[in-house]
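In what follows, subunit A forms one complex with subunit B and a second complex with subunit C.
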Partner chain A sequence: MRIYLLKRLIEIVPTILMITFVVFVMMRSIPGDPVVALLGDAYTEDDAIKVRAEYGLDRPVLVQYVIWLGKLVRGDWGHSILNGRPVLNDVLIRLPVTLELIVLSMAVALAIAIPAAIIGAVRQNTWADYTATSVAMIGVSIPEFFIGVLLLLAFSIGMGGMLPSSGWVYLPGTCPTIVCAASLLGNAHHVLMPAIALGIGRAALLTRLLRASMLEVIRTEYVTTARAKGLAERPVVLKHALKNALIPTVTVMGLQIGFLIGGAIVVETLFAMPGLGTFGIDAIIARDYQQVQGFALLTAIAFVGMNLLVDITYTFLDPRIRYTG
Partner chain B sequence: MRMRRLRLGVAACLAVSLVAAGVTTADAQKRGGTLRVAYGNEILGLDFHTLPGYEMLWVASNVGCGLISLTPDGKIVPDAAESWEISPDGLAYTFKLKKNVLFHDGTRLDASVVKFNIDRILDPATRASTRTFYAPVHSVEVLDSHTAQIRLKYPYAFMMHMLAAYRTGLILHSPTATQKYSVEDRKAGKPEAVVGCGPFKLVEWAKGTHLVMDRFDKYFEPGVPYLDRIVIRVIKDAVTQMAAFKAGEIDFIADFSADHVDTLRAQNPRAQILTGKETTPMVAMMKVTVPADGKPMSKDRAPHAIFNDIRVRKAVGCYGIDRKEIVKIAYKGQATPWLGIIPPGSLDTVDVTHMCPYDPAKAKTLLAEAGYGPQKPLTFELMTNTEKSVFHVIATVIKEQMARLGVTANLRLVDKPSWMLTATQDGPFDMYVEDLASLLSVDQNAYLSATTAGWNSTRHVDTKVDEYYARYAREMDPAKRRAIAKEFQEFSADKLYWNTISGSPFYQIAQPWMKGYVYQAEFKVFYKKVWLDK
Partner chain C sequence: MTAPIRGGSTREVDLPVSEAAWDGARERSDSPFVQGVKRLRKSVTALVGLAIVVLLLVVAIFADVLAPLSPTTNDQTAMFQQPTWAHPLGTDQMGRDMLSRIIYGTRISLLVGVSSVLLALFVGVPFGLIAGYYGGRTDRVIMRMMDLILAFPIYLLAIILMVIFTPTAGLLGTIKVTGAIAIVRIPIYARLVRGSVLSIKEKEYIEACRALGLRDPWIVLRHVLPNCLAPIIVTTTLGIATSIIVEATLSFLGLGTQPPTPSWGWDLKANVAFIQSNVWLSLFPGLAIFVTVLGFNLFGDGLRDALDPRLK
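Right, the complex of A and B next:
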């Protein structure tokens, strides 16, 4: 297992390098320039040339990438071209918000998907199954921002402003700023709607997948044997069938992290959350290359890290799975 | 007897003063509280002299102080300067400074501070956003500790307006903090580096989270500010802004989308909806020249294949565009159809819209004269960007209006940086729709439309435009200046190097309990006299 983990960790390095390189080249290939935004009203061609030279933006892209990588190896994630703030500092401030959102939205997704899939599979072709399947279809079809707007209308504008429409309250002890609101209840209030908005789409997908997987598993011989042994239906389904049916779902959950990061951009913007998603989209819109690189690097690490975690989870779900070097 | 009269007199005086005190107390501004502000866009950084963006300038107006300021009705009023004198030849502006002005780091404002700040702006190495406005300045002299004199190379009629309000006006930085900390520290918003002499001091800027300013207790104007704290958050989505406003989570929206004003009004009948005559132009600019050698920004210019021909410019941009219809559809009638080179709410503006009545027949005739018709239909690209949804609506209406002329306008929707790059760097476009910048006067538009301006996006090369700007800015007689402004705006409408469609309305929204705020469009967002009645 240790050797396997080591090999996987080594494999992560070229993956992340590839991702950051592609993002680096793509950002410089699309139209737009941070220098234009930086100079704003005072824009002159002479100043633009000087500023580009100052930030090394006039050098070949490959040279710029090697310089960025060299700094990264020394722990320097660079500074924002527009506001001079250290990128690492800014992404680390934003990361906990997005991590919490992603974890909770996945929890929302599972909390909906597991019971819905079990009901759908155990009571196949009944009204309960049709309802679960139909709701799942609707959930997949509705984009996050629309669900978010509906939630805003229902719980912030309606119902006497039951839930806050925007902003963030940190978990106690996690404040990254001097002026900061932190409380468990406040945090729960602020994260609930974004987590639901982001989680519902994933719930729908996982429901469909888990239902199909459950249908397959509950027809296998070992489940029939368990029933024949006289086990009650509940332990047969929850203990024997569900655990095995979860394996493909867990794989998809790992892949869903990428979608959740993408969805977080939309949801964080809608709910004005100070997360990594809004950081990333602001950086892309402003063409702040250093910030975009920081965002890409961190999300790449998060993505491959979560997928590694998923692979490790298999061993807990199915004892037959053993990783060797 | 005399004693009794005296007692009665004293009693009467006391009664009067008590009544007066009672009235004052009843109407007195309440001190304290936190004003919660929503911005629609992120602040780029906090070096007030170099960085762009209204969001930053609205912070600068409160953290910083200047020499003078501007009232909504256009009067120049003192800020850190208590008085001023302009020499008869208009070449020397002498400012007497108040003696009690302190920076937030405890250093005192004196005449050397004025010199330091203006010299910093004039230094090309600073790359100050406002440097172009200071072109007439020759030097700044310190006459004594509290008297500074700005000497000009030539008379400049808008010197006071420029100091008071062009891009929020001159903001004085603490020289001590400016020298101690780097420009990167100020851009990053380190509170110890961003030191002004305004009513609020910067406490913290956590990008994407909040910007916090606290009352500066040693502010030079007695009694103000009233608020303890201002917290600014960025809420980009208008629906979320409305939800936060309705739920009472925010007190003030500094820049609200025109598209959603009616909805917000319906949801919040007591909301204060603040607006005024438009000071920002909505334009449909037509490219006039292109680089002859294919290299963007080249001085060697060639005519643009379509719009260099004045007949086509007039057919498309003048008679072919129904400005009233655009305003009706895009703004539900809540804007002014306009043609002039500066918007309806700017100084010395003239309504020349009658010069371009909607006349499709005339447009078709002009197109035919230019060689376009059924055999050779005109097709051009109409670019706009995603910053505001209204841009796309306007572009779509123009496309429809062009179709009525037999002209095809192909829409190209790009993001804001792509548009900026194309517009400022001589990129390829035929026409674009945007609302550019807020303009106080005709003079201020020079940086967007003179032949030498970086923002001369149509790349016209007519130096007559520059001559008009120079004549206007150097004419010290207001009546003669107004005459030049009128002549220039008619000239501009005739040549269509600049093609305004309408004014671009600006809205701010305040809760009913927010008192003392004075609307000054994008130019000034002051919180020093704001108080919360709750």
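Right, the complex of A and C next:
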């Protein structure tokens, strides 16, 4: 297992390099010049040449990438072209917000999907099953931002403004600056609607998938044997069937990280959250190369890291799965 | 109806056979395609999905006739009007009729949804066929290219592509969005078809084709491709739903087709700012996206169950 993990970790490196290189090249093929935006009305050709030289933008793209990589190895993620702040610092400030959003949205998804899928599978072709599958079908057909708008209508505009429509309150101890709002209750108020908006679509998808897996598993011989030996229905379903049905679900959950990052961009934009999603989209639109590279790097690490985590989770769900070097 | 038992006969035709058994036998004698169509006709949800899709197609094609007003004409005297007979879905901050914008928005959503998937299909399927059939170095080169695209989170790639293409209004803007979504979806088809080809090319009938001296392009197009069609059709239908959501999301982020061209995602985003006083403005574009995606999802699900009942 250790050798396998080491091999996988080594394999991750070229994937991350590939993603960051492609983003690097793509960003530089975007029409427009960030130096023009930086200098604004004070733009002169001489100043532009100086700024380009300062950020290495006057060199060939490949050379720029190697320089960026060299700095990265030394822990320097570069500085934003537009505001001059260190990219790593900005990324680390915003990472906890997005991480909290993604983790909570997955928790929302699992909290809905697991019971709905179990009811759907155990009571197949009953009203409970039809309700679960119909609601799941509706869930996969609504984009995150529309769920967000519906939640805003219900809880921010309706119900006397029970939940805030925008902004952020940090968890105690995670405040990135000297002065900022931080409280557990305030954080819960601000994260609830975004987490539900992002989680419902995933819940619907996982319900459909887990229900199909459960239906397959509960017809297998070992489940029949478990019932035949007199085991109660609850352990049969929860211990024997669910655990095995979770394997394809875990795979899809891992693949969903890409969608969750995209969903986070949308949800953070709608609820004006200071997370990585809004950081990424603002950086891409402003053509801030250094910030985009930082965002792409972190996204790539999350993406490949999650896939590795999924492979490791298999061994816990099914002890027959063993990885060898 | 049950046939009377004829005493002493052991011939198969004389044995009593129920109507249901005859139906099953008849169905088994049909081609897989005809069997699929028959199953599809029995699926209520698939038919509901098909009805929604057909209705939306009619709306998109006859938008010029159905829309009461121009979707792009501003009317400063009629801003933020609540739903009335003159404006059944109200008007937006520019005084534009929301019903007309939603009707014309159907065109953009369906055009981008369908054409991006078809474009991805026409590029991805040949790649998958070649990679799967020829294998070896060709397979490795093609699939590494596809893996490169798949390694990106779908929205990140689509957003960067749209910034590179520079979003614009009108048909050109629609073509740019279509291109960005198609590029993101190409590897899905390439992987799907390659997987099917890998198993099909080992079948005896393909071996027989080779033994008969048939040329590879003929074998691939006449014998391999038709056997990959079921998963392709299902993925295409469900893919249209996903593409419509991606288009709406890009528009919501301001990176889709630009105004004044009507786009549901853009209209929803633009009107969120006024949601407190004008609830309907964001509600109707959102509902339009939801109904369209639901239609394609219902039809796609039904199609999957009909073409591959094992997946049900």
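Definition applied: the second predicted complex is superposed on the first by the 313 of 325 C-alpha atoms of A that agree within 3 Å, B and C clash if a C-alpha of one lies under 4 Å from a C-alpha of the other, contacts with A are read in each partner's own complex, and residues count from 1 in each chain.
Just so it is clear, a residue touches a chain if its C-beta (ideal position, glycine included) is under 8 Å from a C-beta of that chain, and two chains touch if they have at least 3 such contacts.
What you are looking at is a predicted structure, and each value in this text was computed from that prediction instead of being measured.
Trainee: Once subunit A from each complex is brought into register, does subunit C clash with subunit B or fit beside it?
Mentor: clash
Trainee: If you stack the two complexes on chain A, which partner ends up touching A:V149: first (subunit B), second (subunit C), both, or neither?
Mentor: Both partners, subunit B and subunit C.
Trainee: Kindly classify A:Q124 by the partners it touches after superposition: subunit B alone (first), subunit C alone (second), both, or neither?
Mentor: Touch partners of A:Q124: none, neither subunit B nor subunit C.
Trainee: I'd like to know which partner A:T251 touches here: subunit B for first, subunit C for second, both or neither.
Mentor: neither
Trainee: A:H79 in the overlay: touching subunit B, subunit C, both, or neither? Say first, second, both or neither.
Mentor: In the superposition, A:H79 contacts subunit B only.
Trainee: Does the superposition put A:M26 against subunit B (first), subunit C (second), both, or neither?
Mentor: A:M26 contacts subunit C only, not subunit B.
Trainee: Which partner does A:F259 contact after superposing on A: first (subunit B), second (subunit C), both, neither?
Mentor: second
Trainee: Is A:I285 touching anything from subunit B or subunit C once the two structures are fitted on A? First, second, both or neither.
Mentor: After superposing on A, A:I285 lies in contact with both subunit B and subunit C.
Trainee: For A:I157, using the defined touch cut-off, is the partner it touches subunit B, subunit C, both, or neither? Pick first, second, both or neither.
Mentor: both
Trainee: Classify the contacts of A:T177 with the two partner chains as first (subunit B alone), second (subunit C alone), both, or neither.
Mentor: first
Trainee: Once both complexes are aligned on A, which of 41-49, 329-337 or 419-427 in subunit B overlaps with subunit C?
Mentor: Residues of subunit B that clash with subunit C lie in 329-337.
Trainee: On subunit A, what residues does subunit B touch that subunit C touches as well?
Mentor: Common to the two interfaces on subunit A: residues 30-31, 149, 152-153, 157, 269-270, 285, 287.
Trainee: Which residues of subunit C touch subunit A in their complex?
Mentor: Against subunit A, the touching part of subunit C is residues 148, 151-156, 159-161, 163-164, 166, 241, 245, 248-249, 252-255, 265, 268-269, 272, 275-276, 279, 282-283, 286, 289-290, 293-294, 297-298, 301, 311.
Trainee: Within their complex, state which residues of subunit B touch subunit A.
Mentor: Contact set of subunit B toward subunit A: 42, 44-46, 50-53, 127-132, 167, 183-185, 187-189, 203-204, 206-210, 212, 231, 233-237, 239-240, 242-244, 246-249, 267, 297, 414-418, 420-422, 424-425, 427, 437, 447, 454-455.
Trainee: Can you name the residues of subunit A that touch subunit B in the complex?
Mentor: 30-34, 36-45, 47-48, 50-51, 79-80, 82-86, 90, 93-94, 149, 152-153, 156-157, 161, 164-168, 176-179, 269-272, 274, 278-279, 282, 285-287
Trainee: Quick check on the complex: what are the subunit A residues that touch subunit C?
Mentor: 15, 18-19, 22-23, 26-27, 29-31, 137-138, 140-146, 149-150, 152-153, 157, 212, 257-259, 261-263, 265-266, 269-270, 280-281, 284-285, 287, 296, 299-300, 303-304
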